[in-house]
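Before anything else, here is the set of structures, which you'll find just below.
Look for subunit A in each of the two complexes below; its partner is subunit B in the first and subunit C in the second.
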Partner chain A sequence: MKDLRIDGTISSPTVIASWQEGVLYMEGDSYPENSYELYAEMVAWVSQYLAQSTSPLTLELSLLYLNTSSIKVMMDIFDEMEEYFQQGRQVSVNWYFDVDNERVAELAEEFKEDCHFPFQIIGK
Partner chain B sequence: MKINFSELEKEIQTILNTPQYNDHPASRALRQLWEVNQEQWNRMDRLTRLSDSYQDMMMRREKSLSERFDKHLRQLEKITRISDRYQRNLRQLNLELERTSLIDPLTELPNRRFIMKRLSYAVEHRDDALSEGLVVAMIDIDYFKKVNDQFGHQVGDDVLVSLGKLMNDIIHHYGSLGRWGGEEFLVILPQHSQEKAIALMEKVRDGVASYHLSIDHKSVSTSISVGISCFRAEDSMDTLLSRADDALYLAKSKGRNCLIVGS
Partner chain C sequence: MSAPNLYDLRERFEKDRILLCFNGPISRSLIEEIGNALKNYLKSEQMSPACALDVFAAYIELTQNIRHYAASSQLPGVEVATVIVSYDEGYYRVSAGNIVKAKDGEALVARIEALAKLDKTDLKALYKTQLRKPRDENAVTGAGLGLIDMARKSSKPMEASLQMIDGETAYFSLSIEI
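Now for the complex of A and B:
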């Protein structure tokens, strides 16, 4: 199936999704003016992957700053992953942070709160 | 009168099942009445079931609406909480950045940018009607290079920190002290007469000259040269500063550890 690539800018992260590997990768800051439009394709990719494939899904995230609409997008994705997880699907999140910036880890903890699937916050 | 329906039902059944009554008009009427009654009961039963299931559906719908509402509320609260944290972090970072952009990290005194801002404010907000005006003093630590060469840069840094603190303790009630760069400091004294400024800077010079910094059993003593200039009506920030700079140069050439007022 199709892969996805959205090039990053100063205010939006690089997004790479690989259907074959079942990995969605995001890296950078996220404060675009049009979060919902920007992420529409990515959100659709996740929904399709979860619905059409049976393989595990892993999110590899190196996100620093997120504006409010980006937070909503990420939470929607995590909620959808949680629903599939409750039905027995293998899903996981690896959230990477720079050890010099503990604040990113604290925020990732907030996201993790309601997720029961494996959600690792990894310093590097 | 209370009717026992099951007794009545039994009685009717018995009458309807008795063959010799079959042709009696009353029996026929009773049979018809019985059938109508049965039909009504069935109808009532169906209505009740239908009504129950509608009620059930509405209850489920309400429950799912309230579940969805709760879910959205929870999501909203979480988004707000996370967003607030991002904003708080940004605000803290901003404050840190602002601080690092305005404060000299070594002496923790205002840096050149900050002291220039203060000077510009003092120049703009001076009151020429007052007899006492704006005075600046440029300070340079004498033979600072020798301190560095003799004792090392670490001691040099310690001297800058100690003298910065010592001078600021004297000056901060009257004006501001900032690190101008290297071993140079700038003093801004709003509303000071030349005499008052000279007296204060003399106190600073004397304080530095009699101060000894002890580090690792070594005693380091220094002095400062000071160039003073008083704001004149035709002055700009640049001319005010360059007169102080010239006066400092003169103080250096006159043997250091002294004050000169720029003319």
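Now for the complex of A and C:
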């Protein structure tokens, strides 16, 4: 199956998805005006991977600032992962943050509250 | 025609401790460019990264709100935004204003006043409820979360004002203190 690569811009993160490894990687700020359009391909990749593969899925996230529409996109992805997790699928999130910026950890923490799958918030 | 009196303008900026001001049609790229300037300024001020992120977030949500409103309302002149970031007595203030339909402005002010009555716990609960609401299929963005998020970040209740221009339109402004 296909891999995905979306180059980052000043207002959107670099996105790399590897089907073979079962990893979706995102790094950067996310405040595009058109979040749903921008992330449509990535959201579709996650849905397809969860539906068509049986291997684990890991999200490796180094996201800093997310505007509210990006937050909504991420919540939708986590909700979908949660559904699969409840059916026994292995899914996890590793969210990396700079220890100097506790606001990023707080944002990740609020997502984690609504997820039962392994969700690690890792200070660097 | 006389030349604009820049000295008076500068005096006003200094008196109000305005560190960034923009007035004009706002575009996606301008939001990014001004945002970058703001980020660099906040970094040079040795501000804590968390606080700098809050100021930046307030700036982005306010200006993007205006862009979304301009796109949906089709009102002439609505894309002209006034954006100010100022600093006073330990607080950063981010303010933004634009022209709105009077009835939209009234609804916004009512919503902001309702949010101002909620404490942090209530705001968080409301935020989570809104986050889970299915989004409008036609909406490209505008999760409806922006105002609640701003209310959560604001150290004092947000301040909104509405100044009537004529029977149909008004000037709406919103101010957030970080």
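Quick note on the criterion: the second predicted complex is superposed on the first by the 124 of 124 C-alpha atoms of A that agree within 3 Å, B and C clash if a C-alpha of one lies under 4 Å from a C-alpha of the other, contacts with A are read in each partner's own complex, and residues count from 1 in each chain.
Assume contacts are C-beta pairs under 8 Å (C-beta built on N, C-alpha and C of every residue); 3 or more make two chains touch, one makes a residue touch a chain.
The model shown is predicted, which means the values in this text are computed figures rather than measured ones.
Once the complexes are laid over each other on subunit A, subunit B and subunit C cannot both fit and instead clash. Legend: residue contacts after superposition of the two complexes on their common chain; A:E102 is shown touching subunit C, with no touch to subunit B.
Using the contact criterion defined above for the overlaid structures, shared-chain residue A:S11 touches subunit C, although it does not reach subunit B. Touch criterion met: A:K72 reaches subunit B and subunit C at once.
A simple residue count on subunit A separates subunit B from subunit C, and the partner touching more is C. Of the two partner chains placed by superposition, A:S62 touches none, neither subunit B nor subunit C. By the document's definition of touching, neither partner reaches A:S30: not subunit B, not subunit C. Of the candidate stretches 19-27, 73-81, 109-117 or 127-135 in subunit C, only 127-135 runs into subunit B once the two complexes are overlaid on chain A.
Counting contacts by the rule stated earlier, residues 65, 67-68, 71-72, 75, 103, 114 of subunit A appear in both its interface with subunit B and its interface with subunit C.
Subunit C makes touch with subunit A in their complex at residues 28, 32, 36, 49-50, 53-54, 56-57, 60-61, 64, 67-68, 128, 131-132, 135, 139-143, 145-146, 149.
Residues 10-11, 31, 33-37, 64-65, 67-69, 71-72, 75, 98, 100-104, 114 of subunit A touch subunit C in their complex. Contact residues on subunit B toward subunit A in their complex (touch as defined above): 74-75, 78-79, 81-83, 85-86, 89-90. Residues of subunit A that touch subunit B in their complex: 65-68, 71-72, 75, 79, 103, 106-107, 110-111, 113-114.
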